[in-house]
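Shown next, in structure tokens, is the structure this report addresses.
Read from first to last, the chains carry the letters A, B, C, D and E; within each, the first residue is number 1.
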Amino acid sequence: MNELTHVDEAAISGQPKMSPAVEPKIVARKVQVFYGENHAIKDVDVDIPANSVMSFIGPSGCGKSTFLRCLNRMNDTIDVCRVEGKIEIDHEDIYDAKVDPVQLRAKVGMVFQKPNPFPKSIFENVAYGPRIHGLARTKTDMEEIVVTALQKAGLFAEVKDRLDAPGTGLSGGQQQRLCIARAIAVSPEVILMDEPCSALDPIATAKVEELIDELRENYTIVIVTHSMQQAARVSQRTAFFHLGLLVEEGPTDNIFTNPHDKRTQDYITGRFG
Amino acid sequence: MNELTHVDEAAISGQPKMSPAVEPKIVARKVQVFYGENHAIKDVDVDIPANSVMSFIGPSGCGKSTFLRCLNRMNDTIDVCRVEGKIEIDHEDIYDAKVDPVQLRAKVGMVFQKPNPFPKSIFENVAYGPRIHGLARTKTDMEEIVVTALQKAGLFAEVKDRLDAPGTGLSGGQQQRLCIARAIAVSPEVILMDEPCSALDPIATAKVEELIDELRENYTIVIVTHSMQQAARVSQRTAFFHLGLLVEEGPTDNIFTNPHDKRTQDYITGRFG
Amino acid sequence: MSLSVILLVLLALAAVGYVLGRSRALGSAGGDMQKLHSLPSYYGWNAALMVLIPSLLVLVAWLIVQPIVIHNQVASMISEASIEKSSLDLVMSDVKRVADGLDTAVEAGAMTADQAGSIRTEFTDVRDRLGDVGVALGSDVNSETLRAAQRYRELAGTGALLRLIVVVGFGIAGLAFAYLRSHRDFRARNVVERVVRWILLSAASIAILTTLGIVLSLIFNTIEFFRVYPAADFFFGLTWSPSFGGGSELGIVPLIWATLYISFIALAVAVPIGLFAAIYLSEYAGPHVRSFAKPLLEVLAGIPTIVYGLFALLTVGPLLVDAFGQGGLFGVDWMQGASSVLTAGFVMGIMLIPFVSSLSDDIINAVPQAMRDGSLGLGATHSETVKQVILPAALPGIVGAILLAASRAIGETMIVVLGAGAAARLSLNPLEAMTTVTAKIVSQLTGDADFASPEALVAFALGMTLFVVTLLLNIAALYIVRKYREQYE
Amino acid sequence: AEARDQIQIAGSSTVLPYASIVAEAFGENTDFPTPVVESGGSSAGLKKFCTGVGENTIDIANASRKIKDKEVKTCAENGVADIIEVRIGYDGIVFASDINGPSFSFTPADWYKALSAKVVVDGKIVDNPYKTWKDVNPDFPAQPIMAFVPGTKHGTREVFEEKVIVAGCEATGDIEAYKEAAGGDGKAAEKECMALRTDGLSVDIDGDYTETLARIDSNKDGIGVFGLAFYENNTDKLQVATMSGVTPSTETIASGEYPVSRPLFFYIKKAHIGVIPGLKEYAEFFVSDEIAGPSGPLAQYGLVADPELAQTQEAVTAETTMGN
Amino acid sequence: MTDATLRSPISEPARKKSSLLAVDALTKKRNRAEARFKAYGVSAVVIGLLFLVALLWAILSNGLGAFSQTFIQVPVRLDRTAIEAAEKSVVKTSKYRAIINTGFRAALSKAGIDTDMDDRGLQKMMSSGAAATLREFVLANPDQIGRTVTFDFVASSRVDGYLKGRVKREDLVHDKNLDAAHLDLVDQMRKADIVTKTFNWEFVLGTDASDSRPEQAGMGASMVGSFFMMLVVLLLSLPIGVAASIYLEEFAPQNWFTDLIEVNISNLAAVPSIVFGILGLAVFIQFAHLPQSAPLVGGLVLTLMTLPTIIISTRASLKAVPPSIRDAALGVGASKMQSIFHHVLPLAMPGILTGTIIGLAQALGETAPLLLIGMVGFIASNFPEGLGDGFLAPNSAMPAQIYEWAKRADPAFYERAWGGIIILLVFLMAMNILAIVLRRRFERRW
């Protein structure tokens, strides 16, 4: 522990902090990710402030999802994937041997890019998380949690008559919202959302954005999005990734109005490639 | 055949044509789709003109994907799904017993909402269609087809060094583009795209839109999208679905600037729900 | 010999058909594959199938009919007197043997073909001549037999020639037909796929045919059994005690009971161990552990059951007696000898481990990673993910594996005979010796009782009853699986 | 169709060892191919034998019992009318226990009292109360009764019941009590004698003598019923008990001194003689003095040579069928 | 109903902030459950492997002895008159034994061993097959008559057992096949290098021998029988099983007929193997007139028996292939057939191969059905002469051979039965190795 803290201090102090305004919830330093030979994330340093929304933008394949998956160690499940560097949440190194990824993931929830409902009923899909974390004492508690989560995700009205139908029989956008409901039902501290609105129509998108705004008060949210409008609408800070590098990071307004880096500028003006 | 044409005429003449300007490629009349008890598409009539782009918009779960899947009979694969009514492509009833769904699907290609690459190499993913349709005589031919398709889908640059790597190891957006490449590699007459850009960043989206525009000259394209901007940018006609009904259909400009139906108006102004 | 020639000719024709069909289709499209309805190879396959299928069907029919025709022709040459002396069947087999002998002699060069057709018993000792080329005959050849044999050879020769002509003719006709049809608009793929589909259907129908065969091969003797033994006593009798002298009691109840009991114990051993092993191998173990542990466990399925039987009798049984027998570890006197339901069930369970583990492992492995990610992403532990997401998704396959293991348990003999004993008993105590339906089928079938007696015939009735009982169990299982099936994606 | 050129034999597993010895020697000593000897039991063999005549059926059935009249009838119905019966000798049935245990000299009465389901004690028919051999006969040690007897599928069981249990029943006089209870019905009384106890002290063996041996191996108190040949090959593990004072051996059985034995047979389809090459030669070879005689390899292996072998030889040579 | 009217647990988090490094009570509990679960898994595998080790230990310790064999070296003078006399008698081999005896005595006295044993006694040292070996040699090499040729005769099972430690001096008191005097002789002969113990190729490659000659019995012929049977099983059951599964899983309409087939298949799995033997006897032998005891018939019966196993496992793994893969193929215009053969089948391959491995293992070790079609017993001590013969000539199979040996009286057969099991297992592994390697290559997650 000692030795590790030691290294931390050194590593962190050795880097200029990018957003000293708020106390950062998540601190990443020199993160490298390899898929076998493929160097997918290169030397990424970023601070993610608490109780705010940060969005990751960048061209497809630049490593947004990969980096996001580092934050709750979902990359552990990919055999060929190797993560280096240091990521701290609340000053605790999440790659520390003592950290239990299970507890980490309960604290850092995730909505995946491809909707992946369980082959269970809609109700069971949402109830699953609260049940394993023991969040509901009674059946009524559980029902309340499920209904609330579905409402938050804007799905309840559409499925209230068929909570027992399989979640896999929903439309693409419905599945996505089901996955959002599933993630917020366990009320994590940090929520990672990988393109949560990509399959959603504008109205559903607006609802989810509203939800994100609401959640921000108590949670730290990281969202990957392809829509710069969305990034502008919901996030306080934005990070721009390109070819595995974090090119630029800062207050959303700055990034969009006054980017420092040529690549960022090119990207947001659509002048890329 | 005679008898069938007979019925057609009656059915079609009984309905007011909605877009008499161009010769329609696809004509749908009184289409009903049921998932078991769930009545997902109700009485949809639509003409889709040749050599143009038509977009389907509407809130999530309204039946866009379901209707799209009727057009190449992909719904045949879902046991509980039942389709009624008549759909004609080039004046031939595609639900006729004589029609070979395989030939139909070769003619009517599809990009699915959830990217579903084969667990094979990237090259094989794209080469598969051309191979079964005998589109390439030699290995070089095949390579050319694959490379061209990947280039058109805007993926080639990113994967050219790892054409032998599995397609499932790509990022979400890359997988989506791979599926687009796979669909256009067999050069169908009609291309159905279910939210092809939902996982794509603006630049990739722009490329795909460019591709759609280019393809329009020779192909008929139907695209499901959540982005009204995208619908406005790429399509000549737009159809708005709501709760399984086709509420309104017409030239894209009209729909967005001067919708007849209250529901359409509400939807495009974001005043829904 | 000529049969393989025909087959070779047909194969060659099929190959030619493939090439011709393909090239003609391509030609009709001006060499442009895209103008064809189907891939060129489908036209080739179409032609090949058109050559093979009709001609092979004709060949099979010919193979069945020709011997009958020849047999009848030759049989008419045999005099009443010789039939009187033995039987037509035997005389005919003698004829065939002599004919074969002549063939062999010609082949070996001991006779010319002419000689073989013209020798007479009056001038030649045929038995001797044939003996010289290593053809043993049971007795001297009389002139009638020899003439019949020569006629037989003649007919067989003509038949073979005709057969060649007709079968190859069909092949050529099929080839021509397919060739003419190989045109760019011809839906070759659909035709080929339809044929393949028929092939698939006929493969599936083999199960029905097998069942039919089993029922037919059991039913007559079963009926015979019920004619000599009252059905009610058989189905409801609580005692099983056959005896040679007659007066056997042949109640099936104790046997069915023990069958279910032993199978249950076997599954109680195999399912937890097998399932946990499968989960461990597919979810936790690294590729190295997996790649050696899985095949090793599969060896358990390949060890002959007699070894398991001896293992039960000599190792497991005595251990159990040490524990539960008189003056044993637990000081209880529940077990008399090494043989018991528990002994057999336990050892059978070991044998069944790979049935559960290997099949389940494959199924669990096939559950998409996205399911695991979804669950792990919610903060579930690996075991929670397995229990609540993966196993339900893999359930149909796992149930299939368990059913297979159960089936195997019901059908097992050797382990029961050695591990559970041979005496039928109706008891709840798993430490007592009992025996199963299958074991009794084997013992009554291979026993010494008069084969027309109820003691021997009962084997068929037992087989039939077991068949019906398992059929009912399977229908129930099918129903349950249908009800709880979960489909991912 | 190719003609069959080797003799096909099926039937009793008791006869199998002898048949295999003869078949092997026949193949070695003649120009005929070695016959195929299937096992599967007397009943199954006779059943196959009686399916009909012709190449597709077997030529010889081995049996450890005489063919039954009903079977002869079925045979005849299927065209197997002329059957030559050949008795090859006798199978001695012996009682043996673990070599390191005490030795026994039994009488049939001891076995009856030890194994019968019911016995007569003080004039009353009661469930068998005996638990040790000493209870049965005070001369015996107090070893728990544990008998491994042939299962009901075995022909040996019939012999055991008739020549040991019923004989013992008669010797003790218990049969009279049963007869009385059954109202004078002798058949019923015999049945009563033969019913073996089901409390686990008498264990049926449906398998072979190797199984019986293995069971004695795992339970040293056990006493098993074996074939003489099997015992003679396993004298390192087993000690044999005398019956009524006679030690079983090929000599004592042949002379009739030792009472428990059964004849072994094989049956030939006469119709196949002259058709299947070597069939008659095989039969003659089998019963020749050099093979089946008292100093031949069969006796060497444990078969009790038939004192009337000469008659059998004659019958075979003359192709005398049953009933003639 | 609007969302705002509902109390939301999200605005007041149910879990208080906690350190990741300190594991909370619930997580501890869940982790313990996790550890337990994993431990169950490990112990399941370990238990399975322990049983395997125990069984293999039993097999090896009992069976390895069968792989060595004692031979006695005897120079035999092939005397013409003696041979001619022998050829005239009914049981010629018994006369040849006398010729061997003469040679044997000479060899003994040459080695300075004198014995007063009679001829019968001497014969007990050697397998009764020795005479047949000699006769065969003489018939094959008539030019050698008159010369002296040195033979390695197989020693009798008792002598062999003595050298292997199986037969003890004190056991021979009641043994009529050998007595202590013989053992003294063996000891002396060993000193004189007349007896040797070598690897027993005859056991691996040879044919069965009768009950009186365990020392001569080998697995070779039955291995060939099993080989041809397995060939039939593999060539029929794999394609038919896979084809049937594809039909049922992918093409069959959901109706009563499909259900009937489905129930039938699972029911066939529960049919005792001996019933398949009854079927084989009735259908293949009595109805179709295929020959008795033929590996072809055995193979057909075992095919029917193996089919359910392969079908059940294949269907389960076809079911496990996600529908999106099928959609993807259909979407680019592949026919259903193509989507199955190009995409679904390769993904289902591991399960199919597992079914094949288990099904073949079962078929390879099965005896009961062979009993009824005549492949158990003392069968054709000859190797098949060609391919056709391999399928049609009477032959046994490995498990039947083992089963036969296990029943025979001479304890030497017991050793051979276990040795046969070793060969069977080696055969099994050789047979499966390809499937196991293939399966590893097809295994992947998506």
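Everything that follows uses one rule, which is that a residue touches a chain if its C-beta (ideal position, glycine included) is under 8 Å from a C-beta of that chain, and two chains touch if they have at least 3 such contacts.
Computed from a predicted structure; not experimentally measured.
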Each chain counted as touching subunit C and subunit D at once: E
Topological distance between subunit B and subunit D, in contact steps: 2
Those chains which touch subunit E and also touch subunit C: A, B, D
Furthest chain, CA centroid comparison against subunit C: A
Chain of greatest Cα-centre distance to subunit B: D
Chain pair whose interface holds the most contacting C-beta pairs: C-E
Chain whose Cα mean lies nearest the overall Cα mean: C
CA centroid of subunit B to CA centroid of subunit E, Å: 58
Chain centre separation (subunit B, subunit C; CA means) in Å: 49
Distance from the mean Cα position of subunit D to that of subunit A, given in whole angstrom: 83
Cα-centroid distance, subunit A relative to subunit C, in whole angstrom: 56
Where subunit E touches two or more other chains at once, by residue number: 30-31, 34, 323-324, 335, 347, 371-372, 406, 446
Shared-contact residues (touching 2 or more other chains) in subunit A: 102-104, 106-107, 114, 132-133
Junction residues of subunit D, two or more chains touched: 1-2, 13, 33, 40, 44
Every chain pair meeting the contact rule: A-B, A-C, A-E, B-C, B-E, C-D, C-E, D-E
Subunit B contact footprint on subunit C (complex, rising order): 33-34, 36-40, 187, 189-190
Subunit E contact footprint on subunit A (complex, rising order): 89-90, 92, 94, 96, 98-100, 102-104, 106-107, 132-135, 144-145, 147-148, 151-152, 157, 184, 187, 189, 214-215, 217-218
List of subunit E residues in touch with subunit D within their complex: 89-94, 128, 132, 135-136, 167-168, 171-177, 209-213, 285-286, 289, 291-293, 371-372, 374-382, 392, 394, 404, 406-411, 414
Interface residues, subunit A side, partner subunit C - complex: 72, 74, 77, 101-107, 109-110, 112, 114, 116-120, 128-129, 132-133, 166, 168, 179, 182-183, 186, 188
For the subunit C and subunit D complex, residues of the former touching the latter: 67, 86-87, 89-90, 93-94, 96-97, 100, 135-139, 241-245, 247, 310, 313-314, 317-318, 336-339, 417-418, 421-423, 425, 432-433, 435, 439, 443-453, 455-456
